[in-house]
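As written, the chain order gives the labels A, B, C and D, with residue 1 at the start of each chain.
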Amino acid sequence: MILVMQEGATEEQVQDVIDRMVDLGFTVHRSTGVVHTVLGGVGPEEAVNPADFEEMAGVKQCRRITSRYKLAGRPFRPAGTQVKAGNHLVGGSALWICVTVSGASPAQLETLAPTLAAVGVAALRVRTPLRANDETLQAAQRAAAAHGLSLVLEVSESTEIGLADWYAGMLAVPGRSMWQRGLLEELGRLRKPVLLERSNAATVEDLLISADAILRGGNYDVMLCESGIRTFVTAQNTMDLALIPVAKKYSHLPVLVDPCLGTGRRGMAPAMARAAVAAGADGLSLDIHPGSESSAAAQALLPAQLMPLLTEVRAIASAIQRST
Amino acid sequence: MILVMQEGATEEQVQDVIDRMVDLGFTVHRSTGVVHTVLGGVGPEEAVNPADFEEMAGVKQCRRITSRYKLAGRPFRPAGTQVKAGNHLVGGSALWICVTVSGASPAQLETLAPTLAAVGVAALRVRTPLRANDETLQAAQRAAAAHGLSLVLEVSESTEIGLADWYAGMLAVPGRSMWQRGLLEELGRLRKPVLLERSNAATVEDLLISADAILRGGNYDVMLCESGIRTFVTAQNTMDLALIPVAKKYSHLPVLVDPCLGTGRRGMAPAMARAAVAAGADGLSLDIHPGSESSAAAQALLPAQLMPLLTEVRAIASAIQRST
Amino acid sequence: MILVMQEGATEEQVQDVIDRMVDLGFTVHRSTGVVHTVLGGVGPEEAVNPADFEEMAGVKQCRRITSRYKLAGRPFRPAGTQVKAGNHLVGGSALWICVTVSGASPAQLETLAPTLAAVGVAALRVRTPLRANDETLQAAQRAAAAHGLSLVLEVSESTEIGLADWYAGMLAVPGRSMWQRGLLEELGRLRKPVLLERSNAATVEDLLISADAILRGGNYDVMLCESGIRTFVTAQNTMDLALIPVAKKYSHLPVLVDPCLGTGRRGMAPAMARAAVAAGADGLSLDIHPGSESSAAAQALLPAQLMPLLTEVRAIASAIQRST
Amino acid sequence: MILVMQEGATEEQVQDVIDRMVDLGFTVHRSTGVVHTVLGGVGPEEAVNPADFEEMAGVKQCRRITSRYKLAGRPFRPAGTQVKAGNHLVGGSALWICVTVSGASPAQLETLAPTLAAVGVAALRVRTPLRANDETLQAAQRAAAAHGLSLVLEVSESTEIGLADWYAGMLAVPGRSMWQRGLLEELGRLRKPVLLERSNAATVEDLLISADAILRGGNYDVMLCESGIRTFVTAQNTMDLALIPVAKKYSHLPVLVDPCLGTGRRGMAPAMARAAVAAGADGLSLDIHPGSESSAAAQALLPAQLMPLLTEVRAIASAIQRST
């Protein structure tokens, strides 16, 4: 930790700060300059909020040196992580494609699964209430299994993990639940891949801290997923595709992109899907509307859009030598 | 709902849109202009996402007319709501003051409670893990009861409601949990006041939709609380004090402000507390550090700051004739 | 314009609103519903700020139907605009590449120009103070001309246009100057291409309104350029690549992307350059550092990065059939 | 400057960084830790962009220690600055009130001036095109002089300064022009007060850097003005009232607030005006509509709102002992 005192800070103020650092277990190195006194501290940085020091009298700024996540950090696995999800590897040379459907009937799921498998989709995500002995969930499980797809279900509270674990091969945490510490800790005890979506108010550091909470429980199969941030631009989200190179610099975990949630618009999602792959994403999460065209939600791609889009993104992946 | 077709939209596109509206239960009124065709629809707006229409071919824009919240809206109770919280009224002429302590020991809670009561604080909020037969929680309950304070506890998941309800007189939803639909629905079944904090990524509409989810369950004792939004300005939150007049225009619910969470800084919180009261807030939620000065968290006021601040904000309330 | 009255608005309030609309030249159509009265107005929308009506008593919301830009809008030229810039077409099948250097010496410019031309760069942008008889500007002009590059210079105030016009074949408006109405109007009188950068606080509508101000003067050769927006994510800018499909939907003007300014980081710019092309950008604006590696600014690519990056983005363009 | 090397940075990388620092004139102190090597540098920090170092191989983070503004910083004048504006002091015990009118006729200005003077307004700001021998500007000058008001005019380009200086007693820089370096330098050569508005995309540091550019020219009479920032909340601006305590901590310059521009809404401005004064603002800038009620712009207060608002804000100022 590095702490800079204000111009004109008194010796007593410097001493108060040093005392607090020592109390917290830091070894302090002091450097007295013409204008500013600088204190370097080696110790339990992760347990300290630098802002707490910045509110002490005479302190100008205080910064961490070490990261607030360890296991999610790139130095932990410099070569990168590949997550085994069913028959597929996420973070390998092939693009991993997950398709999400909302409110589909059992019959629709049975029709959809072979179509998806045929175009190389690896996972099927179903948005539906989690219930024991539920017909839709059973149909989803059967359809996924029959066609080699991983079934993905969402969990927002820790109490939902049991049921989701029963049905699914992979669990997804929606962005809004990314901050629920109890949920993350429970997921750390699972031995199943977790798709962790970025909250629309989260920085990359926030996201890696949440991932770290899962990894610390011993579950290393975590995938990150960019799905848009809240900005002044629009009532919808803004896609922050720079997350891809940034997360890959700071972390070893695979990075996915959800251009449907991230833009909220079927009309913009294909362009952002192509951009994501060109920027180095390890895969895509795409919403598909299973029913008739005139009832599709704004963010859901029409089935007819899927095949051409997958052809395009694979051509891009190949153009940047991803698959070699 | 009002829907504007693009310049040059075809008759077939107009018809597709009308068909979808009618299917959803809308009565449609069509107005054909020189440049734009406009469709007005009366029907189940709350069940429709206007973006779904905007992604249909030929549609330029689609807007709701009615609000997405009914019970939380001002027209439901034009005169405003007063929430009875213990011996106090929130939304009445007196400022309601809630003080939060984190990680306090039973002994500290016992010392703090009479001090707070003596300066007119109405509620004591304790941040501590929820556990049955927990010594700290029991001490908090005793101390609050002995001095006429409402005890406030936080709930992040619906499973925590039982214990919180057992100990506390009021439940608080932290901003990050404001989106958890299941939690809000459970709180609607309680008959205890709920303090609903605004997520740092929520608009006022988002907040009122969440409040509505509690009210729909029959629990009308909901207080809104501004606690900062995420902007480009700072790693901390930015206080959006304009929420006060805006929420009061659109809703009948009392509006509180938490300047400690909202700024994350003891040095900025008093100015924002004064500003909040001057802008018409019904009360304040303030963090206090119970221990020695040199260990206080950045956002926690020192006990010595409390009394002068309360004197100031009451003088301001009186200057704007709040208490008459 | 469409105006919705509040629930319970009085007849007098409705009449006041109608009177103001009529005074402003609108023909008003009234529709009285069970809950809301809706007023539709046909008239001079572009001269009206809907917020002015929303502050009138009894008004719930007021929205424009027509766009605030006409000439920059897609319906004005449905097939899209191609801007002729020297020997190149921006918005054509080939990617247009502009390279920017800051603080280069005349000798460096002379060395750089043939290298850039050799790899297919179309334009050279030089950041240097504008001065008459300036050696650097003369060298830039000579070097650009000798190698078939368009010389691009920046203008921030209308008084700079004369000199920039003298030296350059194209003028660039930095994002921060995008709002200067006088500057835009002067540029409308030029007959030279203008590269209009998006301010980091501008929506796509803001950008198209600024472009419109140039087009209205009769200068139709305007290119839009995304160069990052200010969000909570980082002290740098966040690239908003969704601007590409959005601007192409609403406007006929070519869309460029500046991934160097937009990320502020050499390490992130190549990924964003690839993403931009995959998303459909018509070209790229790239910062290059002309001197030795150890003195490069954070956002400037090293010369050795340029050639591989151009190879990659062309492969992507070809993968999505841009060049056919 | 403090620079932290990445975990595992090579000795060669460390040496490259040290070489660049020394080349730039820094004296470097090296501290080799178990995990991170830290380099402290004393030298010309203001001329260096820390991001430039962060893009060098092996560097984790780089931070300035000294501020990027000197003359605008609090240590330059710890007791604070009072700006003499006509007969009034800005930053003194009395609240300084400036009223802005747009598009007023000469007759309206003559009527308005005595009314404003009578309720203690100190300055009249007129939004009108700057032209020599202009009737409106002459009327504004006469009316202001006759009633002891400072006349304030806006300048967006440096070429406008001459005329504005001729007519006005104070110059205002609208937020959008806050970044124009040439304009700020010219204003530094004036000997007249400058009201510097914050851009809606500026941090407090950005604002103080712009103020510094004026002060460096020898013009110390600069007032800062918060007028709203762009966030996800609304198409309008969000008021960032925390700027008041923050700017007062870091700078000695007076801080004003413009609640009309900052909210864009007559209905929200009074609450924010009260809040600003309670938070410690030195004054207010308020839009007034001079004509009939039914034609007022959304952000302009009606004349009838002014007097009660001034009474309220003065009562608040008095409640917090501002005027004693």
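Here is the rule we use: a contact is a pair of C-beta atoms (placed from the backbone, for glycine too) under 8 Å apart; a residue touches a chain by one contact, two chains touch by 3 or more.
Worth saying up front: this structure is predicted, and the values here are computed from it rather than measured.
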Most distant chain from subunit A by Cα centroid: D
Chain centre separation (subunit A, subunit D; CA means) in Å: 39
Chain centre separation in whole Å, for subunit C relative to subunit A (CA means): 31
Separation of subunit C from subunit D, taking each centre as the mean of its C-alpha atoms, in whole Å: 27
Shared interface positions of subunit A, touching two or more other chains: 201, 230-232, 267
Pairwise touch network: line, ring, star, complete, or other: complete
Interfacial residue positions of subunit C with respect to subunit B in the complex: 2, 4, 6-8, 29, 31, 33-36, 38, 40, 42, 60-61, 63, 65-66, 75, 230-232
Residues on subunit D engaged by subunit C in the complex (per definition of touch): 16, 19-20, 23, 49, 51-52, 54-56, 156-159, 176-177, 179-180, 182-183, 199-201, 230, 236, 264-267, 294-299
Residues of subunit D that touch subunit B when the two form their complex: 201, 203-204, 229, 231-234, 238-242, 244-246, 249, 263, 267-268, 271-272, 274-280, 312, 315-316, 318-320
